[in-house]
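The structure under discussion is supplied below as structure tokens; questions concerning it will follow.
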Amino acid sequence: MSAARDNRSMTRVTVWNEFVHEQENDAVAEVYPDGIHATIAAALEERGFETQTATLQEPEHGLTEDVLDETDVLTWWGHAAHDQVEDDIVERVHSQVLDGMGLLVLHSGHFSKIFRELMGTTCGLKWREAAERERLWVVEPGHPIASGIDDCIELEEAEMYGERFDVPQPDALVFNSWFEGGEVFRSGCCYRRGSGRIFYFRPGHETYPIYHDEEIQHVLANAVEWAAPADDPGTSSSGNSEPREDIDTSDDRTVH
Amino acid sequence: MSAARDNRSMTRVTVWNEFVHEQENDAVAEVYPDGIHATIAAALEERGFETQTATLQEPEHGLTEDVLDETDVLTWWGHAAHDQVEDDIVERVHSQVLDGMGLLVLHSGHFSKIFRELMGTTCGLKWREAAERERLWVVEPGHPIASGIDDCIELEEAEMYGERFDVPQPDALVFNSWFEGGEVFRSGCCYRRGSGRIFYFRPGHETYPIYHDEEIQHVLANAVEWAAPADDPGTSSSGNSEPREDIDTSDDRTVH
Amino acid sequence: MSAARDNRSMTRVTVWNEFVHEQENDAVAEVYPDGIHATIAAALEERGFETQTATLQEPEHGLTEDVLDETDVLTWWGHAAHDQVEDDIVERVHSQVLDGMGLLVLHSGHFSKIFRELMGTTCGLKWREAAERERLWVVEPGHPIASGIDDCIELEEAEMYGERFDVPQPDALVFNSWFEGGEVFRSGCCYRRGSGRIFYFRPGHETYPIYHDEEIQHVLANAVEWAAPADDPGTSSSGNSEPREDIDTSDDRTVH
Amino acid sequence: MSAARDNRSMTRVTVWNEFVHEQENDAVAEVYPDGIHATIAAALEERGFETQTATLQEPEHGLTEDVLDETDVLTWWGHAAHDQVEDDIVERVHSQVLDGMGLLVLHSGHFSKIFRELMGTTCGLKWREAAERERLWVVEPGHPIASGIDDCIELEEAEMYGERFDVPQPDALVFNSWFEGGEVFRSGCCYRRGSGRIFYFRPGHETYPIYHDEEIQHVLANAVEWAAPADDPGTSSSGNSEPREDIDTSDDRTVH
């Protein structure tokens, strides 16, 4: 019997943040004095995960091969500096996700290079900053990411994101958001790409204290647990393959 | 931190079998002397689950309210006696699945009342008994049900099931089978219905020793783990609801 | 070249209605004096389809084998009398859908026998009659059912339906609704079952003039066009099958 | 009534080919003397579509803005020269697909830049050239792309492609292939990305006369018809949006 990932202490999370607003804007610094990453990392640490952080400003944005090799789930927050993320680091993360690393893309991370590459679409949406009410309704109560959540999560002040959210249809839609100003948004979207799992989670903003919310932290923890790879994932080879059956493989017409 | 379902010993499995062929046919009794359920239950017990069995011949087919209330995942094998399963027991199982109980439907269980009710389709397929070779190729190596499985599982002697398998498109397709006689089959299909998870797994036959195969047993264990409900599932109410926003609810035109 | 279904005049629609509220309630009769079916049928006729109606009160509910054999797409409206629909007629419709007939399930039809049978779930939801505002946001602008619709459809007075809508994840989600009172709802859901296509469309109520709305009528017409079967659908046989490859089919262990 | 795309003559197809093997290899030139594109284009022309061709060697690979603006569906064949396709042309095609242009990706086009960008995955697979038998089983007989196809299409000589095919789960799986040497492959995969539809179709090879096969040509025609955009697609705006409801939009904390 595999005791695979029997407890959260075995799941290693790296919380990535571009960490720009917090250093440039007082209103943001007041909400997240040590950066959004510090708040998220503390919330996950408290819920039992082995957690570290990384930011844009570090060498290789803190996402060296060694760091990623030791990461089960990466969370991604970015907004103002998507373009400053080096392409080769994006490729490195992309490759790790396809190999099984979990990825949580948070809020304005919808426009990050890594998310757009994984989705293949523009990932565009409507938005508005009006400190309006958001309700995240549970669409799949049996999904592990909705574990412990009642009918809906209510946030008093949120940025609005509205449909159409230009992403592929999610493999599972866990949350569906209502906004005071009249819009809706698929706010919790699960994807499988390669051997990795991706969860896009809408809430979270630099000027609202979303990541201090207990329910939001709870969902983040659920999502990390869901996105973590198996200890012993299935494998699949590719490339030129010998037949499994006894067939005639002579064919001199090949141009390969 | 929730220690939710941290180990398999907390997951309670009920292995159901119609238990007809084994009592009527020598060739089957030789392969499964104590019934297919005994073999499956032993394999799951050995892999750490709390396991019990139930059969068609028991009062209420062994699936009393009490038994189902204490069941996290139910596995279902039937073939010759689908019609003898009482409709009210089917409704009871159906209701439990929608409330979150996991369900593994095995092989000829594709034509069981419970599977057809959950799918809404005929669940028809092509079949042939010719002791032919089957290969179950892994389509989603990152899926927990494929954990520990290499490129494919090879079975030397299997009954053929061929497309078109008349089921809704699965939420995830984990295995895709090849048969010596020329057919293919979606042989590992995941569904979410209500709050419950369903896995249809094709292999398994009364005259071939499929359930004695280590890899098949391994997949069954993976599937039980995947299908088990969260300790604290999301909840969702339904019915007539008060508004969350302050709106005028007077409307004297209602005919409800 | 196949001229398959080159124009709407070749698509035969049967509009079914339980036709109870209109005959019992003045407020409803005022909005739909000839019944909801008459309004929907006129809208589809006007948009080029060959259209007829059928109601609960007719022999076999107007859904004889002959009628269904000549129907490409059936639309279904019911609310107060779901239980009065005969089970054998439901089976007849179910069978036709699996054989390729399109089905549009409208509004309170979510609780009809036919829809629940096709979905395999409770199809429950939250509801409220408060003549509140609804906005149906387009989630898939490229889907044929959204053809000609801008960002959203706005309805000034609607009954609220709220998540969780207990249905399987749709194959495609075309519309996502916002309600004034604070809820959201997946209001345009596409399914494929057997060889048939099903579209659930939320708007429509007996006391609000929803089916007189031009945009709603436009979506209904789009949906009929989408749900209509091909003139020459793919076929698939099932049952005991001879092998396509030359294999040894002798196996005396079979118990079939 | 919209006469939208009432016949195939209104659908404009551009057949793209890298056109390398045919000019360099005698075995290929014998099967496709004027290039694979010429064979495909003739087959589609014959089935009623307005068809033109474009190849790698032309300026801008024949895919100028003007050409793409006048294209409803683009078909893509490439193998040896994926890397020679200019990145800005790939971006141009990508953008057109997201805006609604249909795309058929054929055979070895699975490794094209455009397909990998749209999928977000490696698109890897197993392969073998042994002139072996392939059977494409119909998984969705009611899907328009399977129209007119019986249980399966049989090809006497094909290149093998085997799972795992590293792509996102398709929105619909239409064909599932069996290979003589023992592998299976999801050989007809539908995707929706942005407002566009994509169909990956496996068969087709430079040294086997696959594109001369009547059934393959028939499927290509079905797929073109399916992938063509509506005349009047739904639209969706994005970006900063005014609220639809009357809410207080003052919020001086924004850092946008």
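Going by the order they are written in, the chains are A, B, C and D; count residues from 1 in each one.
In this text, a contact is a pair of C-beta atoms (placed from the backbone, for glycine too) under 8 Å apart; a residue touches a chain by one contact, two chains touch by 3 or more.
On a predicted model such as this, the values are computed, not experimentally measured, just so you know.
Participant: Considering only mean CA positions as chain centres, point out the chain farthest from chain A.
Facilitator: C
Participant: Hey, what angle do you get rotating chain A onto chain D on C-alpha, to the nearest 5 degrees?
Facilitator: About 180 degrees, rounded to the nearest 5.
Participant: Find the geometric centre of each of chain A and chain D from their Cα atoms only, then give the gap between the two centres in Å, rounded to an integer.
Facilitator: Chain centres of chain A and chain D, defined by C-alpha means, are spaced 29 Å apart.
Participant: Distance from the CA centroid of chain C to that of chain D, rounded to the nearest Å?
Facilitator: Computed from C-alpha means, the inter-chain centre distance equals 30 Å.
Participant: Could you put a whole-Å number on the gap between the CA centroids of chain A and chain C?
Facilitator: For chain A versus chain C, the centre distance works out to 36 Å.
Participant: Residues of chain C that contact two or more other chains, please.
Facilitator: Correct list: 135, 138, 140-141, 151, 162-164, 169, 171-172, 180, 182-183, 192, 194, 236-237, 244-245.
Participant: Tell me, which parts of chain C touch chain B in their complex?
Facilitator: 21, 24-25, 27-28, 80, 98, 117-122, 124-132, 160, 162-164, 166, 168-169, 171, 180-183, 191-194, 206-208, 236-245, 247-251, 253-256
Participant: Which chain A residues qualify as touching chain C in the complex?
Facilitator: Within the complex, chain A contacts chain C at residues 135, 137-141, 151, 162-165, 169, 172-173, 176-179, 182-184, 186.
Participant: Please give the residue numbers of chain C that touch chain D in the complex, ascending.
Facilitator: 1-4, 6-8, 46-48, 100, 135, 138, 140-144, 146-151, 154, 171-172, 180, 192, 194-197, 229-237, 244-245
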